[in-house]
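The structure that follows is given in the form of structure tokens.
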Amino acid sequence: MSSKEKTITIFYGPQHPASGHMRIILEVDGDVVIKADPDIGYVHRGIEKLAEHKTYFQVIPMVERQCLPDAAHHNLAYVLALEELLGIEAPERAQYLRTLLAEINRIASHLYGMGLHGVSIGSSTAYMWCFGLREYMLILAEKLTGARITYSYIIPGGVRRDIPQGFSQDVERYLRLFERKMRDLDKLFISNPVTKARLEGVGVLPKEEAIKLGVVGPVLRASGVEYDVRRVRPYAAYPWIDFEIAVKKEGDSYARLLVRVKEIEESIKIIRQVLKDLPDGSILHERYMKLLPPRLKEYVTNTGLVKFPGVFATMKVPKGEGIGSVEAGRGELIYHLISNGESKPYRLKISTPSFRNLILFSHLIKDVKVADVPAIYLSLDYFPPEADR
Amino acid sequence: MMKYIRRIFRALVLKTPIKRLLGWSVAYSIWPVHMVTSCCGVEFAAMADPLFDSERTGLLPFTSPRQTDAIILEGSLSRKMARAVRLVYEQMQEPKYVISMGACSMDGGVFYNSYNLIRAREVLPVDFYVPGCPPRPEGVIRSIVLLQKKIKEGKGLE
Amino acid sequence: MSELIDKLVNELRSKNYNVSREKGRIKVKVALENFVEVVKKLKNMGIDHVKSLTAIDYPSEGRIKVNYILGSYSTKELYETIIIVSLDLSRDSPSLPSLAKMFPSIIYQERECYEMLGIEFKGHDDLRHLLLSSEDFTDVHPLRKEFKIEEEGIMA
Amino acid sequence: MNILSQILEIILNRSVIAAVIVPGVLTALVLVILIIWVERKIAARVQMRIGPLYVTRRLGGILQLVADAIRFLVSEPIVPATTDKLFYVMMPILLLLLSLLPVAVVPASQSLIVIKTEYGLLAFIALAAITPMVIMLAGWASNNKFSYIGGLREGFMLLSYEVYLFMSLLAIAILYGTLDFIRIINSQEGFWGILLNPIAALSFFIAMLTSTSRFPFEIPDAESEIVMGPFTEYNSIMYGLVMGANYFRLYVLSLVFTDVFLGGWLLPFKIPIPNFVITIAKTFIVMIVAVFLRAVYPRYRIDQALVIGWEKLFPLASLSVLISVLLKGVGI
């Protein structure tokens, strides 16, 4: 820093308490940020290239590992793209179960974002409570799928397991507890005057700007655009489910937080609906049920656990392209899958919500205080491994 | 008589009580640096939450590499990140320990063959590997307890 | 489907572009010369952001296919519609005009595409490395088919 | 044997005891170790966790801080090449000393005071005002961008809180018509200062939070923004010292708060325990309240903290002075 230069450059990450797996290069004049340039790629693992070297089934566990807080949606979007290529659609019960897991996961994902948002402005209790609440959802997901966060639950043509016995009662018990704790969280963190002072009017993204930049998810809805893939291109069981889209007009960090809270409430509603309306039937598409040997078929129908014979590992997929789009926790997630008729994908392009929100860094972090950088950054719920792929 | 002499000798020359005190203090005050290398960071974050509460072991995730003495590699290590990790490791004070978390940092895990990953052991001297993809928080806490045992036996205190 | 989409499709068809429609998706195949014109037309009709930019390498046919997946936030009727604009580029020196001025949402997608497949976007003022470190990956484009990853099987 | 008796006389001298044991170094050390443990335990309690435990299972992890301190003591000290080495090494020591120095004029009981002076309050304000400068210097000497910003922030905060800290003490001085701590305490017989002038107590308490960088005013070393603020580059024993200094400062200010607003060793009823124990116990309670806020509040931004300081607390502190003048006029 020579005496002539007025500004200093701060490397905000990758080793920084609030940066996550990325770096923002900040140009700072005193305590004011003039320019921010995100430098990502610290978690780039080449998933798109690796997918070309794995069979269609092997890709499932890999894609969900790019965004662990939100694995179910990645799983779902990939399977939707694959099902489009295969020309099948899962039976209704499987669709409902997919929705159930997706919503459980959405709550977990939002709480993850809220917790980190809380600690970014100094409330360690908000972090702990959000993560504690998230554990409820992870326990439910574990009961449903057998895994804490990497489910691989959704498979082409259905889901991997039926719901276990007594699951609905468990869910109801947990949800009641969850709602009570959410009210406590609201008192302590969300309506805390200091939280409001820190987040209101910070990082404002007007509606026009949001549309122009093509942002997604809660960030978009907090700016007043009522766009939710669950509503506009319904997938899984969403056509039959009644829910509201959380929209806020303000477009600041606080509005993003409130949109997430509202979406959590809606998700709880959806979970209750799903468990109430859960139809009977198979959890795997007929075409695959037919392929199973008789003893395995009996096993699947009796226990509700799907086991695939080895034939599926080398499953050939018809030529063409499939697009799967879902509303993931962080926003619209698109899988673009191209097949050339082999047993491995020819090309897989993942357009992740975090990557599409990346553009906001240079737009929102401009002419703000250094102290506002974490308050803005974490309000976007940006998850770098998802953006880097 | 010999017993006492030996005890005095041990206390004065080998300094075992002091060493034990050092081992005890270093073992129960592992402060890992805030350095999230990849997606296992989600489970690392969950490790501090009320259900698992890693603070019981004296673990306190801390901000700057200067004050910390452990680095937990959460998952895969990309080429870009490996440089940063090495830099952070160099900045830390001795004694320092490395825990490598997840299958990716061991050998690639599901990202085996990837063009942008390198293994943790090529960058840092790893003390503990925690298997799993991702490892459960209990697993990581267990690795910390084991590391404490190792420290109490004198690892890194020479 | 709403009238607006019909109008959009008809307008595109009237210009003799290759337009196909299925399940709320409109696929437009264009040649490089018409590309900007089509995108401009789409933008005037309310398409306002790019959802994804997929480039596919076909070494046997000597081309790279670029798919733009476009959508709209500002017009409610167009919410459900995905518009895919695709065009072929020659594999040797692929370059096409950048849309960064028209759709700021594409800036990072183009940067990624540039480094992954080596497609040059003319008019993009910030074509730097995005995901890969420049030390290791200058002039290496991982998503091209000739870039083979070392496959060491676990069992080998 | 003359020398020995002289030494004994020196050791048993009240001032020496006051400086070394109560309320001086030893008490401060014990209280600081306890308070950090209490801070972590309370935060854990609020967050539905257990907190430090395994280090001494039977004692509930009370030795956690001892372990941390020893670890800092033995770990390798690094003096980064880019720092101003002399200042970098000197500042933590200076900071620790200067943080504890004001205790010299603050009594723990009638006789346990290092320097008995008529102008205790004045001397305290003067001594307490030095530490922020040292923090700024430490930030500057580190030659790190985060330290630099942290030092600047400390300077800004100083401009704000020093004023109402001073004014709330002024209110007390007017109220009791003296600058002598012991006389202030003695005149609180019956009515504690906090009851007579709660507004002064409030503004002093907030000034205390601000000057020791406690939540919600933890601004100079805001973790998620500028890493550790002025102390980013400090490591091993030097970091242990600066961390201790912060809590020492909290201890000293709490002690003053106890003396000035909570009647020092006075209690509404008589119990047969030494005076200084009562004072220290009260101090500890004040410290617990101060650290408890960590579990409740996020932190303010610096400009908001300054606005609060100048627009809310400054008028409030002025009001407290007015109240004191009025009370004095009524003749209490």
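The first chain written gets the first letter, and so on, giving A, B, C and D; residue counts start at 1 in each chain.
In this section, a residue touches a chain if its C-beta (ideal position, glycine included) is under 8 Å from a C-beta of that chain, and two chains touch if they have at least 3 such contacts.
As the structure is a prediction and not an experimental result, all values here were calculated from the model.
Asks: Quick one: point me to the chain whose Cα centre is farthest from that of subunit A.
Replies: D
Asks: Between B-C and A-C, which chain pair shares more contacting C-beta pairs?
Replies: A-C
Asks: Can you give the whole-Å distance between the Cα centres of subunit A and subunit D?
Replies: Distance between chain centres: 45 Å.
Asks: As a quick test, compute the distance in whole Å between the mean CA positions of subunit C and subunit D.
Replies: Subunit C and subunit D have C-alpha centres separated by 61 Å.
Asks: Please tell me the distance, in whole Å, between the geometric centres of subunit A and subunit C computed from their C-alpha atoms.
Replies: Here the centre of subunit C sits 24 Å away from the centre of subunit A.
Asks: Any chance you could list the residues of subunit B touching two or more other chains?
Replies: 50, 63, 80, 113-116
Asks: Name the residues of subunit D that each touch 2 or more other chains.
Replies: Each of 47-49, 223, 227 in subunit D touches at least two other chains.
Asks: Using the touch rule from the top of the page, what residues of subunit C touch 2 or more other chains?
Replies: In subunit C, residues 132-133, 142, 147, 149, 151 touch at least two other chains, as defined above.
Asks: Tell me, which pairs of chains are in touch?
Replies: Pairs of chains that touch one another: A-B, A-C, A-D, B-C, B-D.
Asks: Which of the residues in subunit C end up touching subunit A in this complex?
Replies: 24-25, 48-54, 56-57, 67, 69, 71, 73-74, 79-80, 82, 103-109, 112, 116, 129-133, 142-143, 147, 149, 151
Asks: Within their complex, state which residues of subunit A touch subunit C.
Replies: Within the complex, subunit A contacts subunit C at residues 40-41, 44, 46, 48-50, 53, 210-215, 220, 225, 227, 232-233, 323, 325, 332, 334, 336, 338, 346-347, 349, 351, 355-356, 358-359, 388-389.
Asks: Along subunit A, where are the residues that touch subunit D in the complex?
Replies: Interface residues on subunit A, with respect to subunit D: 1, 8-10, 16-18, 28, 30-31, 118-126, 128-129, 132, 188-189, 192, 194-195, 197-198, 369-374.
Asks: Any idea which subunit C residues touch subunit B in the complex?
Replies: 132-133, 135-136, 142, 147, 149-152, 154
Asks: Flag every residue of subunit B that touches subunit C in the complex, lowest number first.
Replies: 79-80, 83, 112-116
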